[in-house]
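When the chains are written out, they are named A, B, C and D in that same order, and each has its own residue count from 1.
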């Protein structure tokens, strides 16, 4: 199939490459053209704008930083929506607010285009290995057409519902589970440390017993090792996620007390100068509140 | 070795049986004598009181309901401490407050006896299979002597430190991780349900991706199935645990905002008439706050 | 002085009338023209649009419902900014987000116009009696010119700073104090009621001792009387205020745990069907969580 | 009437002196005898123990530091309950946990004695001036007999109910209102300070408008002036109060989210080294979380 890809950051690039290796014709674009060079060397075509990509394909993926960049890439002057054929699909993998997801869904519908949310869980190396988890939602027919493409980079495809926005909420929810697990562990590590027990020991018990999910192992390890400085993702990104999750709660009138606690921790981390450190640094807020160090 | 066991509830019974099957001579006692019958049939000796048990053994285990029952069994008129030989070990597996654990440690020390905390993670079937996780703390020498016994019922033995109280805090911490994970999932399930997504779908994504620890799978399943009525453990037990954890935080001057949120949910569950239902019922508090059902 | 007034809701109307009675020439506009009839009968001139008002005056006040209506009235096609003379003042009394206040400040500056925040505390009857509290911020010179006008409806004028946005934050903060005091009293009333004490009795002690401010007396009375149905202001307005306050906290990276608790209560009130009742109804959330009624 | 007084701290002394000046015969005791000297000089009789006081009087007041000291003074070897005549009254003014208050009520009943809670609001200078607020509860007949005595030091007497424990809960509730108002103001002061506004200015607006109760004026002033070092009452006392209030919530299964936030702030203040400073120092926790100073 002829497929487009807009946004070649670390994750987008890896996903695009998997599509190419899956035997699909690929048209890509990116603000910084150099990021596309190796894909072009492997046979991809570079287009100048999202519209130029969209014009040539049946399905266009996008993977961008946030609401604003997605808005521009879709509804801007040279945006996807200006050129995508009626009936063609835009599958967006960006982590978006529900409001933005609704705008995409409704805006594409006005153009007779099809919008699908295709959020991904995992980091770029998993994408490269074709082992992302894909959380997708949209019209049945579109999901069916999309599936072989999603399987290029995803080892599991979860279909959440027929409204694309459902996948966006699922994605925000799962991200909340990360931050919330970090806060949970932070309280435990801080208290045990203050009581004289090395948090590494507690981490070993957790992950050696019933708290042995990747969310515990990956973030817990960074926490007990105080590895805050080569961020997978910074505090500011965590805050962006939590603001979107809380906003989703607001729209549906659902109180989210844990999410508010996390938000406060992240704000405090920013105030303390840790904005650009890995978000596991919120352990330091729990430690500071406990008078540690 | 000649070993004693005080408290033959479901968990204590299973642990005692493993010790017996491990080839140890066993002396047991329990308030309700009938609970010991099958152990006696297998060769255990029944003694009338904890003191009568303690008098005959080098190591006595106890597994009782709470601080008060442990206090009585140890320092009461016919308590363990009145009869245990100097240098002999009391290994207590009950979930206790730090204050109570300190009383045991210090009280036994006054009698020249050795106190070790030997908390266990897991449910009775795991005990029967010898697959508990044991979290233990105490003097090195005592832990060394104890290890072959712990290995009768535990597949992993974690040594937390030399002060027995450290194991009690670790145990309270790990229990907090359960309740806190339930609250986390409750917020996620309530919000997605209100937004039109079946929580079973979210549960499937969680446990099919990075949130696949037993703590997610076991409790999450009960939650999405609304299985509240054959409690593994009731709301009241959850509250007891959380009060002890918060008290530990108080003693060490460590703020625990997540723990306070959980406490409030549990209190609200009691007020709503769910005191004796499984503590996963706190999902219903999140659902009620969201106007669901 | 020739003064304009845009927005003749209950509060705006009362303020405008005071300006008129203070001897100023008044030009007014309002979406619903009838609201201006009695002012016109007293000598005010009606203009069709905010621009038509602004064109004729040295100082124009606005008192509108929210960010969006203010944006339209100021920067819309017939907005104040299109017609106000360079050096003339727009004094805005609406409760706005900091972001909107900044837009007003910066947008007027681009037109060479002067923007001042002139927030008011109190209800329409206080405005009618000239007894509002005015919280104002802006350039010194502008505040000086404005003062005689503010004194028409305000018995006290508080100058917060030279950046107009400071007054907006002060206003949001003082509104937060209302909701926060309500939550505080809700917890107290619920607990005492559950323990068998009539909340009226607690209210009497509060207001007869050290908790006798209007914020206690006015809202506390509505609470203990369960007077939820002729709202001074509904839950939805409370939520709007709290969202703006929390957003202000986010912008300045200041955690606001109490504000988050209030937000959750208000969301829960909406979910329970109380969106249009007076915001003191959040007492019912505390009562429900306590199993009362 | 012949009246006893046990506990001559600053508050107890002032109350006792008012009883003496009210024309009553007074028998007093105190651990440090010197504190009674001036009262004896004015005609009071010193007795060696609480029992020696109780033996001689119809009504004995007590004003002690906490549960433990009250327990000792009432049910200890030389305690009030050992000597008070049947039908005589013990009026206790200490701030107690509900559990302790129930013990007093029930223990006195077993001796045929009458127990009344007579809590006071205000500080020692108010006591000296006879201007305390008294919050009392107990049997009608006892309250009637007591009233002339309470009027010696109280300008207002509030009768809460027939169960003495109701007054203790009211007292804990009103103390919670103090801490909760401080937290409320702390969030407001921190946010406005971070946004560039002097908190003194916000304090002036608060107390010049609708937030002008003593609870705002007294504590708010200490806060904006950062007067933390000549404590009216230290952080540790605040924590004691909040623990008792939260425990009361626990007993009645009433969630108290604001109280939990305050508890966390106080714990954090202790961890930061502020245990003995005035509890208004919790402003510094809000400031630290905001990166101020």
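Just a few scattered comments:
Just so we're on the same page, a contact is a pair of C-beta atoms (placed from the backbone, for glycine too) under 8 Å apart; a residue touches a chain by one contact, two chains touch by 3 or more.
All values reported here derive from a predicted model rather than from experimental measurement.
Each step here moves to a touching chain, and the least such steps from chain B to chain D number 1.
Remark: among chain pairs A-C and A-B, A-B carries the greater number of C-beta contacts. Each chain gets a centre from the mean of its Cα atoms; the one farthest from the centre of chain D is A. For the pair chain A and chain B, the distance between C-alpha centroids works out to 38 Å.
Distance from the chain B centre to the chain C centre is 53 Å, each centre being the mean of its Cα atoms.
Centroids built from CA atoms put chain C at 39 Å from chain A. The set of chain C residues touching two or more other chains comprises 249, 253-257, 261, 264, 267-268, 270-271, 289-291.
Every residue of chain D that touches chain C in the complex is listed here, in rising order: 121, 133, 135, 156, 158, 160-161, 163, 165-166, 169-170, 173-174, 176-178, 180-181, 183-185, 187-188, 190-192, 194-197, 201-202, 204-206, 208-216, 218, 248-249, 252-259, 261, 286, 289-291. The residues of chain B lying in touch with chain C in their complex are 257, 264, 267-268, 270-273, 285, 288-292.
The touching residues of chain C, counted against chain A in their complex, run 239, 243, 249-250, 253-257, 260-261, 263-265, 267-268, 270-271.
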